[in-house]
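You will see subunit A twice below: alongside subunit B first, and alongside subunit C after that.
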Partner chain A sequence: MTARSDRPGKALSLGLKHLAYLIIAFIFVLPLWWAIVSSLRPNSAIFADIFPFTPKALLPAPFTLEAYGGIFERGFGLIIANTMLVALVTMAAGLIVNGAAGFAFAMFDFKGKKFILSAIIISFMLPFEAIALPLYTVTQQLGWLDNIAALIVPSVANGLAVFLFYQFFSQVPKDYAEAARLDGVSWIDILLRIYVPLSLPTCISAALLLFIFQWEAFLWPLLAMPSQQFKVIQVGMAAFQQQYQTIWNQLFAVSVITALIPIALLLPLQRYYVQGLAGAGIKG
Partner chain B sequence: MFRSRTPVLLIAALLAPALIGLVVFRLYPVALAVSDSFFNIVRGQQVFVGFDNYLSLLSDRTFWKSMQVTFWFNLLINPIQIALALGLALLYVQQFRGVTLYRVLFLIPIGVSLPTAVIIWRIMLTQDGLVNGLIGIAGVPAQPWLTSESLALYSIIAIATWKGISYWMIFIIGGLQTISPEIYDAARLDGVKPWQRLIFITIPLLRPTLLFVLVADVSINFLLFAPIFMLTQGGPADSTNVLMYEAYKSGFIFGDMGRAMAIIVVVVAILLIIVAAQFKLLSGREARQ
Partner chain C sequence: MASLSLSKVRKSFGETHIIHGVDLEIGNGEFVVFVGPSGCGKSTLLRMIAGLESVSDGTITIGGRDVTKLDPSERGVAMVFQSYALYPHMSVRDNIGFGLRMNGMPRAEVERKVAEAASALHLTELLDRKPKQLSGGQRQRVAIGRAIVRQPDVFLFDEPLSNLDAELRVQMRLEIARLHTELAATMIYVTHDQVEAMTLADKIVVLRAGRVEQAGTPLALYDDPANLFVAGFIGSPRMNFMRARQDENGVIRLTDHGNAEVSLSLGSGPQPGRDLLLGIRPEHFGPNLPVRLSVMVDLVEHLGGASYAYVGSGSSHPLTLEMREGRNVVRGTALETGFDPARAFLFDATSGERIR
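And then the complex of A and B:
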């Protein structure tokens, strides 16, 4: 009897659960969904069906791709390529530089190791915004203003990425390296042949971290590229917003492309991203 | 034995690029901010002015108003974000059929950059935008979300929260995964109610993770810049003029780098004090137990 009265109760609570999750998911998805829908409408129809609100406001009708054509005519193709270049070079260089440092911290004992490691961890707790203004002066001294190096080089060394690699390499049993050393294998070979292949998941976490950091960079490219000859996506988008306040469908199209590229990377790789960051939070 | 053959050159080569990067692009700028705050630019010349930039901040009304806005903003946004991130993490780790789809949807704001979120929300929050349309269903009149002195700061809090909580959720999920399920099983057998489990088991065991999230979240929100720059430029009537934006304005609009650096130094110093206090208060309690 208890089993029978339980069943509708369970179904009801499962139903309520789905409802609660749906409402929250709706809040998370709504802005992006509305942006996608609006980017597929003609500009004159952006605010249609809102007053009074009808569900038609959330459907791409009337449908047109003119907004996407429009933004490429305004040069957003080049801006996307620029950002890709900056993000991919930072990612590749960052994997090598931070991976090497993480390996050194994990494998060797040396004087001041603890101190240097905590300095690195603190450096990643301090957000980039805190040093953006003085970094502008440093860049000026180096003569790198308006140079693409100003966007890439300061972002390559990344405390969080060093920490991710350090944490991973510390967990690998030292026996591997010791056995290989006794066989006369050089450290470089040990790193490249044993540790790098093992660390693939960490490489993916760190790569995503570096890529997304650059893809989302806004304040720094705004300061470091005063003439804006070389535009990256977030700055290009903000400038577009200020210049063409009312070409909403194109503004939405830019936003959608800006958001969908990292999302397309994150969704299939979310497991690595979540595991990497979650692990860093526990030990950090 | 392993240690005696430490290859010093190799270690130096492996560490050098990362360390040079961190020193030149992190530590040196901090030192530079401190030293620049003691100078003013007069007719293109750097002139040493000692503590003048700091002293004039003391009697600077705009600065104090901005300080007030920054603190009020942070007193609201940080607890809200952490509480919501914790709630979201608890939902994320539930196991039932179909939860995977919700999990993916919860992660979407991570892929949406803050400037993108700001642009989309700005249009959603205009007078005839989607948000006013939706509240119109319930008969609520349209609100001037971003252009009214009493609402703009809260709208920015809402946008930053929408964007931020998925990211903080990830760290809390990591913390939740370290709590062994047996503790919950035992509690359930003892008849402990779900909300009691949350307050007496989950939150205390999550303390290290929550401390990390608190410190990292406060650091980001204390220095938040992009939404204010893009949405309100500190207005209306300075109601969203946080210290970071005041510093930017000072340096890049009014060309007063000395004052800008002094503000940055003050902001970072306050932030460090807050972070140190959080560590002391929160990890101290843990040691006593």
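And then the complex of A and C:
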């Protein structure tokens, strides 16, 4: 009985709470939303409902997809494809290299292991700017400037990804590997058939990490591809902004695509991503 | 099936010496139990036999073959881990067959072997389950099944029952004993539980701090312990130890019990002036026996067939007396009891050595 008399009050406070959440969430997504809305308007109507502001500014009206058509005509599709190629190859190669490295650190004892591990941890704490110049020199001497290898190879080995794998694999009870060794299972099968299936969240975290790292790369592609024949998305976006300063709706369309592709990847997998990163810190 | 021998086997982790020269012969088809307190090196020794730990010094042979430096998979051993180590993402069927498949055995043959092992262990109904859908006892049986299908020369068990509750432990103990008879395989079994050791073993190896204190049949260890440690470790309730000294006439006297005289038939006897301990098992106390003791009972436990009277609890040398008759004893009863010196063991209190 008492429960029933409480109910309207509770419902009201619950409603208020949700309203507050909604407002906060709205404030956070507002910039992105406005970018999406603007990318769906004709260029002439971009600022139509803002000065003076009317709520219509938050709706894509009048609605048109011409901005998206426009950027693909200007070759933006190729830029997306380039970036996808770089990011996916990095991701695949990175999973193999960093996973194998993490596995080796977790499984074997060898001279200098602690030292190398510390070096790896330091390597992902260094800002990229600190190594950009030496890396540029090396790339130049290899003759890789303006070669797609310059974008992929240096990013394959990733200290944070190695550390993630190392951290996860060291938490897997050693008994599994030992039982398998007694059964004559090779190390590669132990890694692929026991450790990898057990570490799917970590693999997904590492994969996203590598992908996003490449997706966001700007400074290095700019340095490593001086002739700008092969453009990746951040560089392409910057160039686009310089070139077409007043085609607002197309600029917004470029930004939206750049932001939404990683989000579209992250959202369905974010459960794993957060799990992997959190696990790296807490479980000891 | 194979015999196994350890010769001067040592193990150090860095500067820490864990196993100090173990010599051991294990016969074909024997069931050997390594028993000892926690941390004495039982697991380490077993893992050295398995090849999971390197051997710092000495040699290990299995079936006459020197395996000291061989890879675990080349030694013909299978191991059941304390944690069971069942692969959590594989079904029972895949867990049991994994090793066989990875070694290139044809699928049909793996199927057949898995089915065979499963029916021997009553796992047939559970083949499609994942480990986390199994009870402790079922997981244990899967772990054993995984060992059986490989038809190893030697089975190694590391405290396989310690994660089970008491009732299941007894049941699985019987099952392992049955398995040993059926397979007629050499088995080495590690436990810290001396009851498991007594009930399962053909031969018990008592370890302490990386050394073999004594090896022998359960009854040999029980009836003829080589030293104080084995005497105290084997048997439940444990053996009683009473302080004793040898007087100037060479007579052994119990210093805490009115200097009662114990006439033992000793060979060379103790060196003069040593502190001695006289060991007597709880079941060897009784009325009207040659050495008389008067004791005050602290506590009585009735277990049905037998009752235990505890004397001098909290003192450095308490006594436990087993009584099968005349059990109307309560706390505070002054009890006249005694023992036959032929049943007693004499030890040097300092070195722990048996004095014969």
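The rule is short, and it goes like this: the second predicted complex is superposed on the first by the 254 of 284 C-alpha atoms of A that agree within 3 Å, B and C clash if a C-alpha of one lies under 4 Å from a C-alpha of the other, contacts with A are read in each partner's own complex, and residues count from 1 in each chain.
Rule of thumb we're sticking to: contacts are C-beta pairs under 8 Å (C-beta built on N, C-alpha and C of every residue); 3 or more make two chains touch, one makes a residue touch a chain.
Bear in mind that the values here come from a model prediction, so they are computed numbers and not experimental data.
*Asks:* Output check: A:Phe115 vs subunit B and subunit C. Expected answer is one of first, second, both, neither. What do you get?
*Replies:* In the superposition, A:Phe115 contacts neither subunit B nor subunit C.
*Asks:* Per the overlay, which chain contacts more subunit A residues, subunit B or subunit C?
*Replies:* B
*Asks:* Is A:Glu178 in contact with subunit B, with subunit C, with both, or with neither (first, second, both, neither)?
*Replies:* Both partners.
*Asks:* Which of the two partners, first being subunit B and second being subunit C, lies in contact with A:Asp189: first, second, both, or neither?
*Replies:* Touch partner of A:Asp189: subunit C, not subunit B.
*Asks:* Is A:Pro197 touching the first partner subunit B, the second partner subunit C, both, or neither of them?
*Replies:* In the superposition, A:Pro197 contacts subunit C only.
*Asks:* Need the overlap of the two footprints on subunit A, from subunit B and from subunit C, as residue ranges.
*Replies:* Common to the two interfaces on subunit A: residues 178, 181.
*Asks:* For the complex, which residues does subunit A have touching subunit B?
*Replies:* Where subunit A meets subunit B, its residues are 14, 17-18, 20-22, 24-25, 27-32, 34-35, 38, 46-47, 50-53, 57, 96-98, 100-101, 103-105, 108-110, 116, 119-120, 123, 125-127, 129-131, 133-135, 137-138, 153-154, 156-157, 159, 162, 174, 178, 181, 187-188, 212, 215-216, 218-219, 223, 234, 237-238, 241, 248, 251-252, 254-255, 258-260, 262-263, 265-267, 270, 273-275, 277-282, 284.
*Asks:* Residues of subunit C touching subunit A in their complex?
*Replies:* Per the stated touch rule, the residues are 50-52, 71-74, 77-79, 81, 83, 85, 87-89, 98-99, 102-103, 146, 150.
*Asks:* Tell me, which parts of subunit B touch subunit A in their complex?
*Replies:* 2-3, 5-8, 10-11, 13-15, 17-22, 24-30, 32-33, 36, 88, 91, 94, 96, 98-99, 102, 104-117, 119-124, 128-130, 132-134, 136-137, 162, 166-167, 170-175, 177-178, 208-209, 212-213, 215-216, 219-220, 223-226, 229-230, 244, 247-248, 251-252, 257, 260-261, 264, 267-268, 271, 275
*Asks:* Enumerate the contact residues on subunit A facing subunit C in the complex.
*Replies:* 173, 175-176, 178-186, 189, 193-194, 197-198
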